[in-house]
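Here is the structure we will look at.
Which chain is which? They are A, B, C and D, in the order written, and residues in each are numbered from 1.
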Amino acid sequence: MKDVQIEMDDRGVYLQKVGIKELVRPIILKGRDGEMHSVAKIGFNVSLEKEKRAIHMSRLIEILDHWDTVISYESIQSILNEIKIRMESNQANLLLSFMYFLSKTSPVSNKTSLLHYQCKIDASDKDDFVYLTVEVPITSVCPCSKSISDYGAHNQRGVVTVTVRTNDMSSIEDIIHRVEAVGSMELYSLLKRVDEKYVTEVAYDNPKFVEDIARDVAIQLQKDQKYQWYQMEVENYESIHNHNAYVCTGSE
Amino acid sequence: MKDVQIEMDDRGVYLQKVGIKELVRPIILKGRDGEMHSVAKIGFNVSLEKEKRAIHMSRLIEILDHWDTVISYESIQSILNEIKIRMESNQANLLLSFMYFLSKTSPVSNKTSLLHYQCKIDASDKDDFVYLTVEVPITSVCPCSKSISDYGAHNQRGVVTVTVRTNDMSSIEDIIHRVEAVGSMELYSLLKRVDEKYVTEVAYDNPKFVEDIARDVAIQLQKDQKYQWYQMEVENYESIHNHNAYVCTGSE
Amino acid sequence: MKDVQIEMDDRGVYLQKVGIKELVRPIILKGRDGEMHSVAKIGFNVSLEKEKRAIHMSRLIEILDHWDTVISYESIQSILNEIKIRMESNQANLLLSFMYFLSKTSPVSNKTSLLHYQCKIDASDKDDFVYLTVEVPITSVCPCSKSISDYGAHNQRGVVTVTVRTNDMSSIEDIIHRVEAVGSMELYSLLKRVDEKYVTEVAYDNPKFVEDIARDVAIQLQKDQKYQWYQMEVENYESIHNHNAYVCTGSE
Amino acid sequence: MKDVQIEMDDRGVYLQKVGIKELVRPIILKGRDGEMHSVAKIGFNVSLEKEKRAIHMSRLIEILDHWDTVISYESIQSILNEIKIRMESNQANLLLSFMYFLSKTSPVSNKTSLLHYQCKIDASDKDDFVYLTVEVPITSVCPCSKSISDYGAHNQRGVVTVTVRTNDMSSIEDIIHRVEAVGSMELYSLLKRVDEKYVTEVAYDNPKFVEDIARDVAIQLQKDQKYQWYQMEVENYESIHNHNAYVCTGSE
């Protein structure tokens, strides 16, 4: 049976990433609370030399199917190296997009409940790190509104999206803690009335512009040597507008 | 050239809606401020008798291409009747999903700016009305949080989605006004500092649960004979949670 | 501490569903291949009598947190009854939206790989069934294109979305099998070259309009007494257009 | 009334982009066929010096409200310069995401119909160009499937997303034409039977892997001096899989 993919190509165009996108698979993550099951949307790519016409995409699936799907820097490097050899490629790349869960205890009643965080891993075999992205939802209270109003202050949910270079999956929880420490207040799934009073007052005592949150996250990240490189977005779903307040900044 | 679509079908299955989806076209709307240009995602369907194998879908496109795209009850009925005749169908259906724009004046500084509202029209030739859906964003301040806290109150953007039966496109603006009247406060794109103080204080003076907003919207709609039938959803993007508060209710 | 939620309400508006939306949690499903971990987007609602101002939403979270999250008709009824009693409500409703995974064997090389299917459960304590929705992707080859062309035929991925009333979660796999039996061909994640030749030829031998697929799915469902009620959508991502071909029909 | 935004900031963190996101406005584009109305999702940002606490976001809205919204390189530079001066910022950035429409004539019956293309403009006052992104849908026929099968070949819709640096909005249509020239076949909204036969046969005569399309697009872009820098993604919605084939590559 003819193998069209292995034909020679004379167009002279090197392709950086060739592969698959939007495959969905169950994965296992290891957190502070132990093993955690989640579901990942997966992209899996290799580079293609300019002399070769196409890759054999079914091999990407075969290798994913034999992966233990326990997500760690080592397991990702291992699958990237395997696919590079199997595809005779110069470079390999894996993207995982998934929900992470963290058990949180409410501040006064001490009730425990899960909170969910969208995460992304972008890994290349060329790097000794992965790009890890964590979306951390927070409360933001507007300092201008508080300052000029006789009472009240508009506030809203915001999302801080941080990308760092790391080779340690425990950075997910570390980033969550650093970001949650610098919103006007952190979020919980379960709040009893005593907790709701507490989070309302703490947030009001702690008003922050989208710019303040971005800067305080930057300082949190700069505290640790390992986050020398970062990118971040802060997006507040303004409760007084039908558009969002936004910051995008980073170390480069 | 063979016409496979007109073959006889002996499976005995009548199809309620057959057509196209996700076509995108510029449209023209008429509002209080005059003509307005927008873009609609379009679905266009006819019923198919059980004896006929398939419809000629290209005719749906041809008729859309000759439409003046000025959205009114009459123009929609006209295109539905045309397609019914052209397709020898029993029933025809048009769906339009588009952004509506309204010029709003800020409450103190009197600055004017556009606000955008997602809308949907679901029309059948069998009805003497269309199902009109309007999404109206509002501010909601939590009465519990205000009541139990020494200061502050969590608040957030919410979206009220109202569906009514109407044959008058001015119902879009009418529904917007009715919903905006009963949030803790309405939204604006442009607010100067004097306005921000005003909307913050009005909202704080006017705390409403997601349930309160739903009920006040229901009362607003019941005031007018023409909204005897309605469905609504209220969804608040809680600023203290990573999930939303929700009401879904209606006259049936 | 004041309890604003339990205040009397004199607006006279009964609310059908009040609760939470967009909470995300890990869940466990039981399939033919055994236990399966997935992640669900959750809605959880109760009705609210017209005399009561608001519900205590934190109770919804508390009950979800104590749920074993093993999805079955019985476990869903159990959580619905618990919340009804806890909230003194007339009616309770649970919505789950999640990815389901099925191990499939390629037709010639017998290679096994997972395929993913989007599912939804909409359950009310008032019913002795849930509304189960399964999205099944398939291949569709256009009979018109095949018939009029000297060679080739345009084909594309389509998605068949079936909703049935059932009290048995094994209906998920049953519906998948019924729908996959009547596309031009079923999909696989892993196909070697011998498989690709096979699926290409089977699909070409089996051209079907979006209307044909809808009717053949209807006949498949009508074969079984238990699917007396169904709704379905078929949507083909036409490879020759930038819009989709569409059918929406059902038993009512 | 206190102006909290103009307070001094001693955290020492420069912010690259501060502004608004997800504002929606009508816009006007100029194409080969004349003026075209569309709707844009807008982001509008300025940089913020490390000494200043926050920007006055309402000024971004005020300036957008006075914009004529006729999209050209000059009108974008003009609004960027205005906002830089007004905000005393070092840098300004505008993002526009919108649907573009092109009138296309079917290949045999010569019927004319609109096709829609998603576009994006990312502009900074520091550059003498904008980043223009155009998504062009195409048909792709699989060369492997054609080669190994006795008849038929799987094919599907694909989307080629090209980003270039340009200061000329006519590049939108130029890129559309270059990409449509190198798919297995281009798409149309309206195809009569004679056209469908034609596009089916042309596509079958012209099988291309996702890699082939990427390379042929690269060669098309390299033909013109003005596209010295480009990035592209090609994504095929495989009709035999529930995942997509993917290439991402570019000149850097």
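The rule is simple: a residue touches a chain if its C-beta (ideal position, glycine included) is under 8 Å from a C-beta of that chain, and two chains touch if they have at least 3 such contacts.
Note that this is a predicted model, so its numbers are computed, not measured.
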Subunit C against subunit B, contact positions shared by both copies (same if over half, else different): same
Furthest chain, CA centroid comparison against subunit A: B
Separation of mean Cα positions, subunit C and subunit B [Å, integer]: 25
Where subunit C and subunit D are represented by their mean Cα positions, the distance between them in whole Å: 33
Interface hub residues of subunit C, defined as touching at least two other chains: 1, 3, 23-24, 116, 144, 148, 189, 191, 193, 197, 242-243
Interface residues, subunit C side, partner subunit A - complex: 1, 3, 23-26, 36-39, 58, 61-62, 65, 99, 101, 111-114, 116, 189-194, 197
Subunit C residues within the subunit B interface of the complex: 1-5, 9, 11, 13-24, 43, 45, 48, 53-55, 57, 143-144, 147-148, 209-212, 214-216, 218-219, 235, 242-250
Subunit C-touching residues of subunit D, taken from the complex the two chains share: 115-116, 137, 139-142, 144-145, 148-157, 185, 187-189, 191, 193, 196-197, 199-201, 203-204, 237-243
